[in-house]
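Once you scroll down, you'll see the structures, which are given as structure tokens.
In what follows, chain A forms one complex with chain B and a second complex with chain C.
So, the complex of A and B:
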């Protein structure tokens, strides 16, 4: 093979690898939709703006804040997370698994006399059963959290970089055709938004 | 605060105390001496733990600079009003100690090599000195912390908050040591041959559980007094946090109780296993199982959901259950020493308990009658009033 062909071959391998990476990135990219967002830099006027918008009949408001804002989840009518149920169900499953597993290993599959105790002596196994409960409960909670928050997502869109430090935003999905963009923009400025951004998010 | 029906409450407590004293004297005359003193120790210890828990709660809050708990702190201060009374009630117990503890009986000690060996610690003068130091220390710290809090009601000076932190930290160190030794002296030495190094922690876990149950009940009582006025001070967010503490204490109790059981079961040393042997035979086994079910499993599952911890009715139920089971727990610790075959429970125990309950209610409510039931000028009051538990 000539040197040029060798180089070309190498390049094509690199290209294929980059292509693969791009494909992975694309598959991990979050789904976006066009949104219209208003930005506030003051927590109080941000909260009162949501109240005003709700009074005017707007629904399905979403918000991004750099820190927890008290009372926000009530205003946005966010339901409680379903993750505690995952923790409970898998924790209970881990408990039952530990119970069965300690019995099977110590009394059925490989019975050993330890300290003159019965093969299946519950007090000795409670720490193991407890750890199984915690392990399965904790791992399943983390897995459920990743699923619920769509982690990992590569290159998520950014509305405004200040939203991670000191500014507050609320946004409406523009998929809903009932909302007219211009009217909404006026409304957001009327309730005190510093600026209005239209972008994919 | 002018408590509604304060006169009736006082009369009620007087009646309880009267009934208790009658039951106590009748039992003494009938010759149930040993049993009466066991009942006395049971009720004495039960209420000392709750009152001491009040000091523990407020010193934890001071030491950690907690803001949420300011509005319920005065209620825990009210619990400590029982401590000086408990100090007086110790005097009859010292008399009763002679029918409770083998190590106070010179004849029995002389025959028992182990008791001779333990005599440098378990002897009457040192026992009295210890009791004096413990009770004196608790009352000193309780009075200091309460007086700082009351002075702040007057002038609103932040110096009292800073001073409270110092006293709280010293108290917590003193508390850890003194409560362990106090429980060793009064409960563990009932069977002077037996020992368990985790015993003090076990008693502390019971204290931890019962003080939060008592605080929740007192808060519910305060809301019943004047709902419109106090619902801004104590709301379901504070209830939620106290509920979380109650839940944590329940798990902690189970953890400590199991740790004690498992180590003794595993090592299987004759001098240690006696404790659980007595408690796993005959009717005592039912009491032991009831502790596992009603002091851990049931409250654990019941207190899991969020809405239960934010609802006054469910929390009142849970608190009553836990306060009752705390009584059963102490009964389970003390009574097998009186009769290791059968758990006796009748008018003697109920009567003595009622007397102590009357005294406790009287001292706590006379404190609340004199002072405001919520701190007035605490610098963290605003933080407490706007306390909000997010999902």
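So, the complex of A and C:
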């Protein structure tokens, strides 16, 4: 290969790698929608603002907090997570897999007499079956968490850099045509928001 | 009436978990700033020292792999040398991290919050360190994948699922995987905090590590459930791991190993040694990062010292009960093994073990001692020494004399035994030092939930 061709080839490998990275980035691009958000820096006034907004008849309020806030799920009417079902189903599947696999390898595929024990020595297989249960249960729960939270995603929008530190936000999707942006902005300021941001989130 | 009431409520009040009246912003700043400044010369010289020790460890391992197991003290009849001893030692240390992060979480022990992250990091690093030793002990680590049941061209010949050594492969690899996942999932929201504070290349790195965490209320709801599920899965897992490690011994018919007390005895010992290591590390963290004293308070240290004393007495009970059962069994071999332990050629290792694990932690009966950093640091070092010797006693004194005269012999440590043991601390401490300055060493989000209790 001539030097120029070699160089070109090298470049094309780099290009292909960059293309691949860009593809990954694109496939992991976050879903966004236009929102109107109010920012609070005090937990108490943030919580009372939710109550006031609910009294005024607002629905579909979403929140961003730097840490899990006690009682927020009830206030925002968030249903209990469905992830435990995933854990249960996959944990059971792991258990059944371990049971089948130890039986199939030791008693069916190539039975060997070891230590005079029966081919299917269930008590001796329990540790392996147990570990399969835990492993699949744990990994499936995390996979379900990733699915539920839509992570990993690349460069998710950040409404305010302090929302992962000490500030709280409430936001409304502007896709909902019934909401008037100006009215909502006034309302958010009236219940104590420090500032109101209109942005994609 | 009012006065006495308020006095009662005052005395019933729990000490705060985080001192110094921190706001959320203070907490973020205190914890994140550790990763944001270039460390001083003290840190780099410490890192250089432990990294050199790590390099020494790699050379020692390389020589053992290249020349063979004969470089270590293993012989007939003591075929399980320091590789197995040090493996059990490190795996045991890992257990305290899971106890703090999972079991104490399920028991709603809120004081665990500020030490959980570092304890879990310790678990991950200890399990990584431990995992190398059985591979080294196989003598041909490049064939270690034979331990896994995979379809092969030898039949396929499957692994023997009745063997405790195969159980160990499953238990330790599951434990390593789940611990790393649990640790990492706990860190994801904190990575987002670091991302939002950072600029330039660090923003990209923490951005990738945070996986695009947004922190909406719905996210947190799923996140908390998953965290609890992982804690609930880790709890039986951690108990199973050291039980299975103890089965490696207990399912053999060797006097001194063949006892039903082994699983609980090993688990108690693991928690004991692990808390010893957590106290050692936390004393150092408190010394070198003074602002963490508000998060890892003396109350935390005292609580850990109480657990050290309790589990120390549990292993003490196990030592005593082994002697009683040996006498009560009426078996000559069993009785001889235990007399030989306490008064035979390895009497010194037995008494180092008993002094370090049972006698020395008794100083924690006194509140002043429990709350004295210097004393607890020294005691925690003794606990670590004692627990290494416990495994030495179990492996060496049981193996070196059994039923047949042909199976009587002695075991001597070589340079390579010491090298691998001391070198493994180099690996563990290198990982720990890198961790403490690059990742959030205290859970930023979780501490906020207990800061104002």
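What to note about this one:
In this text, the second predicted complex is superposed on the first by the 178 of 201 C-alpha atoms of A that agree within 3 Å, B and C clash if a C-alpha of one lies under 4 Å from a C-alpha of the other, contacts with A are read in each partner's own complex, and residues count from 1 in each chain.
Definition applied: a residue touches a chain if its C-beta (ideal position, glycine included) is under 8 Å from a C-beta of that chain, and two chains touch if they have at least 3 such contacts.
Note that this is a predicted model, so its numbers are computed, not measured.
When chain A is checked against chain B and against chain C, the one touching more of its residues turns out to be C. When the shared chain is aligned, chain B and chain C each come close enough to touch A:81. Of the two partner chains, chain C is the only one that A:166 touches; chain B does not reach it. By the touch criterion defined above, A:71 reaches chain B but does not reach chain C. Residue contacts after overlaying the shared chain place A:34 against neither chain B nor chain C.
Of the two partner chains, neither chain B nor chain C is touched by A:111. In the superposed model, A:124 lies in contact with both chain B and chain C. In the superposition on chain A, chain A positions 68, 70, 73, 78, 80-81, 115, 124, 127 are in contact with chain B in one complex as well as with chain C in the other. Residues 28, 30, 43, 62-70, 72-73, 76, 78, 80-81, 83-84, 87, 91, 101-102, 105-106, 109-110, 112, 114-115, 117, 121, 124-125, 127-128, 130-132, 134-135, 137-139, 141-142, 144-146, 148-156, 158, 161-166 of chain A touch chain C in their complex. Here chain A touches chain B in the complex through residues 68, 70-71, 73, 78, 80-81, 88, 115-116, 123-124, 126-127, going by the rule given at the top.
Per the touch definition, chain B reaches chain A in the complex via residues 258, 261-262, 265-266, 268, 304, 306, 386, 388, 390-391. Within the complex, the chain C residues that touch chain A are 23-25, 28, 149, 155-162, 164, 166-167, 170-171, 174, 177-178, 181-182, 185, 188-189, 192-193, 195-197, 207, 211-226, 229-230, 233-234, 236-237, 240, 244, 247, 444-446, 448-449.
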